[in-house]
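For reference, the structure is listed below as structure tokens.
To keep things simple, chains are lettered A, B, C and D as they appear, and every chain counts its residues starting from 1.
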């Protein structure tokens, strides 16, 4: 499966100083099969233009608004226009930007959380189906090869019947934030109804569903704002029950001072358990009742095809965050290439989070905050295609 | 402060094959200031006698029942009789055994949980006061030097205002237990109303209170029995709130397959955080918002007096579980020695869990199970001297 | 300092299946400032053409030999031709390929070891001076931010006077190689006089010199071939003395079964010591005589400018091997850009290994093998500009 | 196999403030089968007497010299006198003290290095044979259960043919010692011809021979004194060759600032490798070419009898330095008990270092210093029974 050019994309957001826009660009560039050709990098035209220059884009492909970009790109001939758009704006813009491009039939890679409201999320599901576009959400942590290995081991029954999960996402960057720091993630207008759950708790929840294949049935959230000068929660501790009998703990925190980005999961079945840490992502630990603990290491031939597919360099040469992120881009590019060439993509390339995962994530955030505010268990059953 | 003999003790429980009795004996022997001189090691006289022989006890100091032992030891001259008794029986016997010895004015070291019911616990508090005996409960994990250092750092304000705690106690030894294994910890008659919370959750709770000095105000427990053939919970996940504003997660599990005895705590203040793992107990990690993480190591001169006091050998020569356990015995021996010699013990020697900690523990177990059964928050305020 | 286009490069070597060619391409692409426009990927024209197609190169920029490529690229107008060439062939071709491009005034990024013989190495030094080209050798491990931090800490005197170094580079990939595996690194014609020392020992030696700024004065090597069917050493243990009084151990091994790519260094001064492991590269440990060990972590504001300069993403988001490799490319691109724009590059961008480091490396390899064969100390003093 | 009393011992050395004497006493006391009944704790009678009081010894069993103690203890009736003596003096006294007790037919536990000179060592071998006493040398690190497991795995062929060893023993306690600190280990009169090699290098060498069963055939040592004001080496780096084809690196250092007591070993065969660290002694890592790394953990049923025999408490409850040390005492006590009762001891109880290991150690120290001073390889072949 090959086409005789790189896949082309444009970016909305990711202007000067935006860390996540840089990450998307590095992730897209890594494998040499995707090129950036257009962008609307800021709502301020001057900033957008400057970014375009810095990225050596053609000036006529740098736009002053996402609406203009969606329209003009769609109007270009098929052998020039972007194949997909990357949306890396603050949260409140994900919905209108995604909508604009989907309606032009342009594929989408979108940051999470997908939208502010569940209605918007369902509208995107509907639009994706209607326009038959490819939509990928950057729950990037599922791009790590050893997370893919974890999913495969669970699916193969290595752990037996799943019983308990402990998934944690502590960060400390808000621990000492002052009232004047004007952080958009703490501003409900731009971030939505949640800070910690929306930004990182949703990654933790997605990680569990990805690895286990089980869906949340109910949760109880204890949420709190330790910081001063803002309303949104910066810490959330949850009790969680899943539809396959799994139960446990999910927590996320932005005030765990000294923690950097320590997403981690421990998952226990009746036959074995696994442990994975995002900050040391090339290793996966498997533990048994009466056998030595095993350390699976990225890049080895004893790993499954799933782990090999998302692998670039040999064992012992550490891969990191950008490589995992790049796996979403690489897979999206492969699936787009397959469409363009009229062939089937490798089944493993379809492994990226979809618009339905996005709707699930928005549902999770809303329900967690509802539980926290009412101090009640909430029923999580939900089918986004069922609006 | 010295007397010209070793402190003498007797043991109730700890017969052939009882792991915890062995641990008590090793802990008591380690520092060469305590000697075992009497015992009622089993409810079966023959077994008790055999154990006495094995331990080279004088035959007239091996008893066929704890009642007999309490009476006869009390009747011996002061320069012969035991100074204290160690109680290492199954849980249901802690209360009657402790009562029998306290009423004879004999000091007590007792395994936890202290009693089955809160009424028994309060009765012991009353008896300890009435008979003015020393009573130590073996919440042994607070005997580790680096736990003492953690408490000191918190007291000194190193962490700032405490915000969040995550305390975990996963074990896996019940993960594959069958219905026929006849484990006393799963039998309500011998273990009481709880398995996981009573056996290990109470250690976790005690560890938090020891390090932080804060008391639980409310908790919510999600409890479950994953195993087949028994009623008591083997897994408990709790949301916890403390009286100083600290909140977080406490969990304990006996079905976390592959985990051995991984009690661990992470504690976050607004200025720094700490992390300690029982399985690697000579290290304490301190993390900051904007400075390198620090690893404090047992045995170094930069540690506080509290950590030095419970220290035997130089840095880099690992101390373990028995040494921590021995710190309770050593402290009890020092306090008894002080009484015998009419002097003051070193203030640091008074650092062992008391009968009130025991009552708190029983209260915690009862309330956690109540919360779990009713799926409700429970109010934890409690003063054991207030019965 | 900016130019209005990306820096352009061509590659020699790196055909289908060549891991290191892929790494160079990913490293060059990562930051979006370099583009691949030409190549001679294999000595077999068909293979080279195929690779060019896969990489979406223009067909007239895919060459059938490096000689043709050097000539034809040099003949292109300045606004089309490559700015530099990447040489990723087997070792024996480094010299002729580098020579061909340098003589055309084209800058070079070259794999190590730079050449087979010291004469070739000195010839390259001379040519680089004569043609005034930029020459970077991919001792990529010095690209890691925490290695740069280590160098800065040493330069700042944090460790005091350096005394001892232990640098290790164990791998296991040759542990079970058979006689029929036809591995080019074991073939003297393609690999030169050395396997382990040439391939990985030279990285270890470079790492010490980079961090400490000290030069080897003498070494004693104990070399051995554990494998069957080849002559070159697969294991080398060395005693090393440096000109600043540092002494210690350097070893490299390709038969350390189960080790993946565990380059690591411990460096002891009279005031503090440091430890760094390539397989967990985002952390640097600093230890003291009487203060807690410190763990420096990539991406934090307390790190030096040198560590920040080679940093892409925030703390806790692990960077890996490709990012470190990319730092060489990024620096080379910045220095080329500075030349093109007639400005000064950031001083930190000049931080990449040069042709003189390459000559030092070849000298090291030759002397280590000489020592090993003669079982004698060898004098290491050497000035490559002094040929 | 049982006798109806504890094994009795006396101590020479171990006066106030002597760390190693305390360790011996704790190790002897731990299992409740040995009791201290006599001692000559210091060459100063007053100090010795004070120590005896502190240890609650009978006054007539506290002696003013080791000569007196040997004689008087030997003169006591068999059911009173000590079964063995523990020698914990500075090095130069090991020989005369051991000689005195052996000649009285009293068993010996002796610190290492066993003697200053090889002649003394051989004399002890001869005396031990002549008087048929049990003699144990406290190479205590071989007492760790996971070291015993390592030996068993090697003996069972798990690693295949052994190829390479890296054994390290870095400490930092001399890194900042001044000329006035008057440290006996740096004084040739009391410490002998070596500091680092004699004190810790000999442990490293013993560890390799214990685990592998191979004997040194030749070594090359690079020794150095970094400190000021003393002659003895504080750092030694060695190349080592063994009689089974194993070769590698052995180093020891007392100036590796920030290291505490980090004895560790990595051992590579052609099929697997192992890694063990004294500071985290409950874990043993086994690595393979193409299978996940395994972590063996103390206390588990999958371990060999050898590891179980030296085990006291369940998995996850860390054992440390004292427990490993106690395994030597426990084994010696079992072997003495067997003699007294006329039965066979458990074969595993014979697992402690002997007088021949001690002679080997003295030989190793002498040869290493000889190599270091002459900058020459030294032939290590040696049979202590062959004097």
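We take it that a contact is a pair of C-beta atoms (placed from the backbone, for glycine too) under 8 Å apart; a residue touches a chain by one contact, two chains touch by 3 or more.
Each chain and its UniProt protein: A, B, C, D = Gfo/Idh/MocA family oxidoreductase.
Being a predicted model, the structure only gives us computed values, none of them experimental.
Trainee: Report, in degrees rounded to the nearest 5, the angle of the rotation taking subunit B onto subunit C when the C-alpha atoms are fitted.
Mentor: Angle of rotation between the two copies: 180 degrees.
Trainee: How big is the gap, in whole Å, between where the Cα atoms of subunit A centre and where those of subunit D centre?
Mentor: That gives a centre separation of 56 Å.
Trainee: What whole-Å value do you get for the distance between subunit C and subunit D if each is reduced to the mean of its CA atoms?
Mentor: 44
Trainee: Roughly how far is subunit A from subunit C, going centre to centre by Cα mean, in whole Å?
Mentor: 34
Trainee: Which subunit D residues reach two or more other chains?
Mentor: In subunit D, residues 259, 286, 293, 297 touch at least two other chains, as defined above.
Trainee: Specify the contact topology among the chains shown, as one of line, ring, star, complete or other.
Mentor: complete
Trainee: What residues of subunit D sit close enough to touch subunit B in their complex?
Mentor: Against subunit B, subunit D makes touches at 2, 4-6, 19, 22-23, 25-26, 29-32, 36, 53-56, 171, 259-262, 278-282, 297, 299, 312-323.
Trainee: Write out the stretch or stretches of subunit D touching subunit A in their complex.
Mentor: 286, 290-297, 300-302
Trainee: Under the definition above, what is the set of subunit C residues touching subunit D in their complex?
Mentor: 163-164, 166, 168, 170, 172, 175-176, 220, 222, 224, 226, 235, 237, 239, 247-249, 251, 253, 255-259, 266, 268-273, 286-289, 293, 375, 377
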